[in-house]
């Protein structure tokens, strides 16, 4: 029995969450900082473990590695099975990287109130905030590791709860009507996702009724060697059940309406956690479960899902253009980006899927960079309205610069990470569905539009009254932003290491589905026809 | 006489009792209607007992009586205490809790 | 002299044989109840509280011990018996559910015994949640005198014991008569317990009246159903009924009018169903639930909500699985309808509730619907699932109502939802525990509620009731809304200046809440053993 | 030696990184550092050039594969460089002119507090532009392509506090993005057709592809070129781009970046040669733009905008030439290079004028400046002569070749194209003379600026003058140098191919024609602006003039169709999202709540009604049970 690294990687933040929650309330600045440093250390520890997992992963080794298998609820064929493939490794790494930054960026978001006499409000709000983040991290990590459908489902659903409290309990608006908005957003987030999850539960149960196991590996093996066969009705129904949940989480148009509310009301850090980390579980699960468990149904529904994705790309981008609220703008931008990710997944080509997997990483990092800087800006003025800002670059050039770089990543500027993935997704889609690929490229233009319009309105022009006091980034904030930007550059210039990790799993998934990339038109069969026509043309 | 007629009677009595519960207001009368239903059951039981030629039904009838008596004890206690509180035996007056 | 001749004329009666050991769990509880009554008569007033609590707990402990003994003896696994001339089944489901009921009763008794929440009486005596003098008119001088002198209705313990005894018998009853008697034995004390609240006595009395009248009404239906089924089968033995229904027993041609008359059987089954569906609180027989749950003293509500549901579902399972599996083509569609109606109506109506206790009542209605989906499965997995669900649900319920007892203001418990605003800020631990219970009700993974829901839906799906599962899932989503709403109120609303305080309970209530929380988490995270237990026990004796 | 290729890119990139991330410490030396690195890059370029000259024609192109960039199964994107004669030409142009403009900027931006950042952006531009021309595959080219777009965005909007600058920058980026869509689709088409998008294999396999595919690729590349090179219909950004500092206009929006489209088409000659429809589209775009730009240039009073119109028009010439196929490629590039020199010189001259005139750009407020700025006048004048194609100067050689090639295209098309180019030449002469006259001749029409400062025109410092002089030399002699022994044709034809056109007119005839139209243009301009004083307030002008002042209504069209149409669409979608999708979600919630509110009324508190529901329930239960049996 080897060292259960995967369990430990998920358990460390969980333990951290419990410990953090148990810390005594702060009474002075020292103990307040202690209450924040402890969770930060745990998240860094998790990052280290994530790196270890990545280091131990062998791209060309077994499908799932570092596996652990324990019986959990044998009555229902449920086991505690963990294992990572390339995608899992990459996403665990992404989670490990982003969480410390989210914590650092949210450093003062949950500070205890200090009254005039310097007495600290005695409560566990601060610890609660960081403990919840760690709890989310633990659940996300285990969801990325689970190779048991049920185990995945459990954490897929359970992570809603800490997220819910993070959204509802720590938004930047606390009083009166605004607080109502926030709790509305939290409830909407929870109910929407819960509905998705419950529909998935029905499908999970249906799956078990047919297969009598929850083990991903056994089901896929049985599907491949023919010992298991779904009727097409059953497969379609189950696929839709799973897909519904993931499409809500991801989110896919038209199931996205919870995201702008949730991201709009949450603190910027939490908003990053939602869109960059938690939502990735949805797209991850499409790849891991929808495609592998229901290959035929995936192929059947792929065109429909692709159309929805393309609609999502354009719709999200257009709505982003029309937003008045910075965070909601970012949310709609994310909807557009999730459209790209899902497009890549269901194009069912290796370029599309590798692109989608890279996209998950890049979207996480780029949105984090962009939104966290926006968050720093918003924290200075306490407003989320674009109209309240203007000319900030004059008073805070570094902030403006980093904000621009983040935005350029969002609009997929070549040289930064997202470009690589977006292009792969487009190529992958174009290979099989040229028309959709072309329509989707319009998203490139619209992305430039919303990014630059936002930048123009907030950062350029004469300094708008009220913005004179906006200070430039502080050291802590630079520590958050600089590595993310560096990461974006690295991912843009040299994405090969990540691509090498995800490619083998993508190929395996596609070969399980019996899908292969369409060959270039100029191969064997086509070539004769091609030469004759060209010959005629000349 | 065809014993089945007793069953019809039993059903009729049961229905009368049930309808009585629905239309009467006085808690005591209501309760009496319930007792009527129980006795209708007893009649049916005894009839079936006669039809089947075993004594089970009759014995059950005795049990029913005992149960009914116990119900009276409890029921009257409750109804009387409510009556003393509200000076009314109408069940329509006890509707503080609704919706 | 005449006696002698008469005796000679009648054929000798063979003495019925009673298996005392197998009946001992019930006997222990009934014994405790009787001792309690004696104690009420003979023990001095100041010692009664301690004596009654002691007797009740001892009786329950003995009962639980005996259940364990029987289980270890193999009754739940490799042997089963019909004790007391075929009146009481001693088998897996009986023992499992009896075990759950006794544990629930223990927790309930602990809550009944809680005396730290109410302010002390004029004489400085600690008092509990029950009326100082039930017979006194609310607001009268007699009541005031009783209250000041610190009287207490210690009768609640023997009453509870009787109720528990009836509940133990109910799921074990293997003939309809025993079932009917058990139904009454546990119902009558509950009617009384409902009326005994110390505060808001008008509501309490109203609850009792409603519960009593409707309960009696439903008993009448049950009895009528019993009569009709007896008329059809010529027996009230469940196994005998099954034989007749499935055509294994020979039917005298002379009795074709009754025995052959399926209408009798079907109407009888429906009437029996009315009685049982009333007790589990299924739509449209649920209407007593919100009113009674709201009016009854909260510890009683908790007990009732948990234990009654266990007992009633136990009896329903036995009735349907032992006596009427042959009629499944007839009752399953009907039960489908009831289950769907119950799930949807319970969830939907709960959405707009503003009183925590009423909200939990509607939630219990919705849960009855979920459990019914497992009942419909009509196989071992369904039985095991339902039993597991019942165990999980009852502890969550107990815990939730125990929390309700702690949130108080000057008028006693503050049950209006708006009063709970900001509770999460003021006492985060309690609010967190309540949130845990709510999440379990909502069926969020890693809580017992999820495991239970999964089990019953899985059983339903396995028996082909996919549509039922889908309705269940959707109404779960609706149900989630109102659980979440409570959490929103607790955590995301600003505390009110005049808001209720959270009373610090004695270890008794603390234990109840703690146990509820532990069971909720354990059954959610590591349910293997308990599922195993429930599955192993899921075989009825015929 | 060839390993130096990446260094070409790396040096300015390093400069950009240092200057942008270096912080205030570099404020004092930043501009010199940036300039130094630009010159270093130029030095490397020269070294490579001489090394290339030393090799035989066949050995001149070199490839250097740095590393694998994006590997996904069949999709293998490499970071690879290709240095052949075409890239070499560009390298020298970019680094050479670039270095000069760096130098010029030291003077021009001397008083700008963000000078360090300006040089960082300039260096970034150099790096991106070099990457663009050195890439050996389309995807890497795309990186440079967008990179220069970014640099252009940053530099146009360099004075971000001016809303007009910020808007212009955004507009430039967006319009370029539309073009970029074309490039990405082209790359995707190549990948699905050839399985690769590297130059060599694509060009080798191109003959095997279908006509439709090649036309598609060609048109998409043309779209990209239109965006970058400000060709109709994507030309609208260039005029606004003049909001940027003048050195930027000189370097990016005149000499180098905007010519990237011509590079792209020339580079893709193998594809265009096989796609006549795409070529036709190209020449049409070129011809339309050359007239469009020229007409716009005639109407503008803003000196930089007039020059921008001219740029557009000149690039129209190049695109037209490139669209002509092998007979035009070489001349397209040749004109590109000479244009790079004289247009950069003109812009620097304009910058110098502005520098001396308190940043005034309205030519109606200039006049008679030749006395105050002799050096600027001379260099600007040489550039002017070059651009109008004054015989013997650079523009004469390159433009005449294009006109000749246009006629050489043959057939009716040839005549039409030739006429267009001739008309263009006439109009060029007209508007450039107009600029010249309004700026340097006539009365002085200076007025105090908004702050009340009377302008004191003065000559610019040496650091600005030197580049102008060097560029002026280029404007004068480069064309001649290239034409000696057709050296430029020999140099470039191995890459682009070359073919003599079959012009119906002889070279002499063409030269005569161009000289005539040139004189015509100059004459008309002199009649209008030289003979009589220029009014300080622009006259209303003809309908065409008014339209040309508004960029021939292109912006109005964009505004009506795209901007307001788009904002209506957006507003509609926002409405739809709120009332439609989200309304649906909230509606379902409200429906459940409403139902709940109504249904709970059934719970009316009356025990008898509860009993009724039970009774009814019992009846229904019994009835359905019976019914089940009946069914």
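Read from first to last, the chains carry the letters A, B, C and D; within each, the first residue is number 1.
Throughout what follows, a residue touches a chain if its C-beta (ideal position, glycine included) is under 8 Å from a C-beta of that chain, and two chains touch if they have at least 3 such contacts.
Since the structure is predicted, the reported quantities are computational estimates derived from the model, not experimental observations.
The minimal number of chain-to-chain contact steps leading from chain A to chain B is 2. Counting steps between touching chains, the shortest path from chain B to chain C takes 1. Between A-C and A-D, more C-beta contact pairs join the chains of A-D. Averaged C-alpha coordinates give centres for chain A and chain C that are 45 Å from one another. Between chain A and chain D the centroid-to-centroid distance comes to 36 Å (mean Cα coordinates, whole Å). Chain geometry summary: the mean Cα position of chain C and that of chain D are 80 Å apart. The centroid of the Cα atoms in chain B and the matching centroid in chain D are 96 Å apart.
Contact of a single residue of chain D with at least two other chains is seen at positions 589, 600, 603, 605, 607, 611.
Shown for chain C are the residues in touch with two or more other chains, namely 209-210, 213, 217, 221, 290-291, 481.
For chain A, residues that reach two or more other chains under the stated contact definition are 191.
Chain pairs that touch one another, listed by label: A-C, A-D, B-C, B-D, C-D.
The touching residues of chain C, when paired with chain B in their complex, are 134-135, 137-138, 177, 180-181, 184, 188, 191-192, 195, 201-203, 205-210, 212-213, 216-217, 219-221, 223-224, 226-228, 230-231, 234-236, 255, 257-258, 290-291, 294-295. In the complex of the two chains, the chain B residues touching chain C come out as 4, 7, 10, 14, 17-18, 21, 27, 30-31, 34, 37-38, 40-41, 44-45, 47-48, 51-52, 54, 56-57, 59-60, 63-64, 67, 70-71, 74-75, 77-79, 81-82, 84-86, 91, 94-98.
Contact residues on chain C toward chain A in their complex (touch as defined above): 384, 425, 428, 439, 442-446, 450-451, 454-455, 457-458, 461-462, 466, 469-470, 472-474, 476-477, 480-481, 484-485, 487-488, 491-494, 526-528, 531-532, 535.
Partner chain C is touched in their complex by these residues of chain A: 71-76, 123-124, 128, 153-155, 157-158, 160-161, 164-165, 168-169, 175, 179, 182-183, 186-187, 190-191, 194-195, 198-199, 201-202, 205-206, 208-209.
Across the interface of their complex, chain A is touched by residues 20, 67-75, 114, 139, 142-143, 145-147, 150, 153, 157, 160-163, 165-167, 169-170, 173-174, 177-178, 180-181, 184-185, 187-189, 191-196, 205, 207-211, 213-214, 274, 566-567, 569-571, 573-574, 577, 581-582, 585, 589 of chain D.
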